[in-house]
Amino acid sequence: MKRVVYSGTFDPITNGHINIIERALKLFDEVIVAVAESKEKNTMFSLEERVLTIQKATDKFGKVSVKPFRGLLVDFLKDEGTDFVIRGLRNGVDFEYERDMHYANRSIYEKIETVYLNSKIEDSFVSSSVVRTLIRYNGSIAHLVPSEVLELVNSK
Amino acid sequence: MKRVVYSGTFDPITNGHINIIERALKLFDEVIVAVAESKEKNTMFSLEERVLTIQKATDKFGKVSVKPFRGLLVDFLKDEGTDFVIRGLRNGVDFEYERDMHYANRSIYEKIETVYLNSKIEDSFVSSSVVRTLIRYNGSIAHLVPSEVLELVNSK
Amino acid sequence: MKRVVYSGTFDPITNGHINIIERALKLFDEVIVAVAESKEKNTMFSLEERVLTIQKATDKFGKVSVKPFRGLLVDFLKDEGTDFVIRGLRNGVDFEYERDMHYANRSIYEKIETVYLNSKIEDSFVSSSVVRTLIRYNGSIAHLVPSEVLELVNSK
Amino acid sequence: MKRVVYSGTFDPITNGHINIIERALKLFDEVIVAVAESKEKNTMFSLEERVLTIQKATDKFGKVSVKPFRGLLVDFLKDEGTDFVIRGLRNGVDFEYERDMHYANRSIYEKIETVYLNSKIEDSFVSSSVVRTLIRYNGSIAHLVPSEVLELVNSK
Amino acid sequence: MKRVVYSGTFDPITNGHINIIERALKLFDEVIVAVAESKEKNTMFSLEERVLTIQKATDKFGKVSVKPFRGLLVDFLKDEGTDFVIRGLRNGVDFEYERDMHYANRSIYEKIETVYLNSKIEDSFVSSSVVRTLIRYNGSIAHLVPSEVLELVNSK
Amino acid sequence: MKRVVYSGTFDPITNGHINIIERALKLFDEVIVAVAESKEKNTMFSLEERVLTIQKATDKFGKVSVKPFRGLLVDFLKDEGTDFVIRGLRNGVDFEYERDMHYANRSIYEKIETVYLNSKIEDSFVSSSVVRTLIRYNGSIAHLVPSEVLELVNSK
């Protein structure tokens, strides 16, 4: 069984992330969403909120597990017993950042394999950071995130 | 009458910004400079200082209004009754950032139209951040900013 | 009256080009499409075919003129009595190429002003080169070009 | 059974290509190498030479088939009954080119899925074009290509 | 005698930095490592720790001096009586940042000359930021930094 | 004595090239301009014309030699007994191309060292290709090339 890790802060998860998870399931038997605690950044949503929201939003796909994640990605991979990581790519600057992360990780765990998919063209501007800005100023986000994020925002 | 919004933090305004405003007036009948409050960033100059300095520095152009700006750019556009935004471009990384902002804004306000001009080649390195670094360490900035910024700095 | 030049080889014109022309008309009173002869490249369609097709495809906009173009863009601008050029931008590599062309042109005609608009996000991959490849191998192009290009292709 | 297409001109195949094929086999059950005829480019090696060399060089992997390829990639995918394409990525410019190809292909075949892997860091400069230049001027290529390419070159 | 300044935060120094210093000595008679105090960033290691570690790590090269550095690079250059700065380059984004710094510095000190070397291909992902992340989560860094950094980390 | 090779097609040499040569002489005792024959490209000027023009244009610097160059750069370096190559950089795309050439060359000659300088900001758009286009259509080039190129063009 092939399993893949999709790691990130997901603060909050967007339709772009959901689309990558859905398409990853065409390549892999299970997607493990690794939700980074992000000590360094102040997140808008707590780790618990983010994990729970992603669980609800990916429940329909059946083969997605969502786990909080602290520390190094390569340690998480070893714990999960897989070498595969999946990433969405929007543009060349994105890629160069991801590539260097990959090479850094590979320098301490040679078996890591990062697999990239294109973001959907119509989602190519969507990021958690854009969504947070819209939330902050009461802009519409319904077209950018799964309904579970809307519920989370409205519950506050 | 065609009006265009030029938004930014302008902390402080530079000769590069002034040049964009001046050239925007060849395309538009009025330029509205929208000075962002910038809650998230600590600015070197207060919102009031920045607005006042830009007013003085653009007074000679006649058709420039300067307004403080809080919230989403698209809400500001609707309030002003225009769909046009103007931006200066220095390099490809600049553009990819601006493009994604444009697509994000367009996803919540379809009529927005962002118009880009090239920075002057000899200004292509100038940014507010470079100017702030020079101010901090007593470097010369007279060649990078309008005289009104020099007065503001000297008054402190 | 503000007039703007939109120059290119247009071999053939795409929906991306048509969209730029349509939006340029919100900024300018007239768009002059300058169709480059392209001595250096072998074009798939003749200069006459390209001019005629663009005329038909832009006829509905009312304020578009289409002219064959040989030589330097700055000479064409002077002949037309305007300083404005319009370009669509898809990505950062596009921009860096266009910027250097602009600076080269400006070095021989200081008054030139290049105005950039974003391509529509869903058109951001469309180019004449992609269309030619599809034509060559009988791929579908109906979603990428105006109907006048389809007629031209079918007439061959 | 998951099958993936790896298309290119492979003029000639390099160690970078071989490495992508080998790693693709960790994700897919079969790799179909689609060797483009390349009418437009003059190739250094004939289509037959390129197909035969790749067959020999990938024979040891067991689950690789090598086929000549004319026309559109999406037609080849449909003939082979798969939606997956694999590509190696070296840098951001590479990616932006591949992304636009993907979006163009997706516009005529929505099910296409392009999967990207990083080139190995130490291979990140290797390209067929570099190899051809070295061949042309009798430079050493033994570290850049499989031995089967060396044999092909020496047989000439 | 030709002397060159290599400035940075070096928090901590990496094998990539050491390699640039070593190769700079083929071009220059002396390398002055200017260790920036970095008021704005919270560094992992103190200025004293960083200076001392670099001194130990570069002692074997003979012609390297290490100095703390506050303020503007151009003032440091004038104090040292040299116009040369050396930088390592990993990718295009790196370069565009460095180029704009160079042009900003040149605008206040025309004689500055920035000399760039390629990072080693196998080091092209290494940065102080990657090293700090590994330290924070107990990842291995022995392959990325000189032994003097290991000692510093272990002493804490 | 430190010698450096500056290789290119120089079809024709521009003020940007001349500026790099002049500044290279602050770092090196001699600059050897290696003028590539360029079998693959049709050049506007013959190898003999290019060599002679550069000789005249660099005569005033005293320590410049100009030589025709066929084959691989690394063979030329070995013949000349130096490991240093100098290149001007204008933008990130430029750099990524040059970097890959460097790594390719280094893979067959480990001692090669490529040294990069920034182009002057006001020259950052100048290229031989821009100059050839201007020559072809009788545009002014006097501000872009040394007077020796003007003489060559006028003599035709």
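Chains here go by letter, A, B, C, D, E and F, matching the order in which they are written, and residues are numbered from 1 within each.
What we mean here is this: a contact is a pair of C-beta atoms (placed from the backbone, for glycine too) under 8 Å apart; a residue touches a chain by one contact, two chains touch by 3 or more.
Keep in mind it's a predicted model, so treat the numbers as computed, not measured.
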From chain D, what is the lowest number of touch steps before chain F is reached?
-> 1
Labels of chains that are neighbours to chain D and to chain E | A, F
Determine, among D-E, B-C or C-D, the equivalent of interface D-F; equivalence here requires over half of the contact pairs to be the same by residue number.
-> C-D
Type of chain C:chain F copy interface by residue overlap (half), same or different | different
Expressed in ° and rounded to a multiple of 5, what is the rotation angle of the C-alpha superposition of chain A on chain F?
-> 180
Chain C and chain E, separation of their C-alpha mean positions in angstrom | 47
Report the inter-chain centroid distance for chain B and chain F in whole angstrom, where each centroid is the mean of the CA atoms.
-> 39
Mean-CA-position distance for chain E and chain A (Å) = 34
In chain A, residues with contacts to at least two other chains | 91-93, 96, 99, 102-103, 121, 124-125
Interchain contacts, given as pairs of chains that touch = A-B, A-C, A-D, A-E, B-C, B-E, B-F, C-D, C-F, D-E, D-F, E-F
Where on chain A does chain B make contact in their complex?
-> 90-93, 124-127, 130, 133-134, 137-140, 143-144
Partner chain E, residues of chain F touching it in the complex | 2, 23, 26-27, 84, 89, 91-93, 95-96, 99, 102-103, 106, 113-118, 121
Of all residues in chain A, those that touch chain C in their complex | 91-93, 121-122, 124-125
In the complex, go through chain A and note every residue touching chain E.
-> 71-72, 74-75, 93, 96, 99-104, 107-108
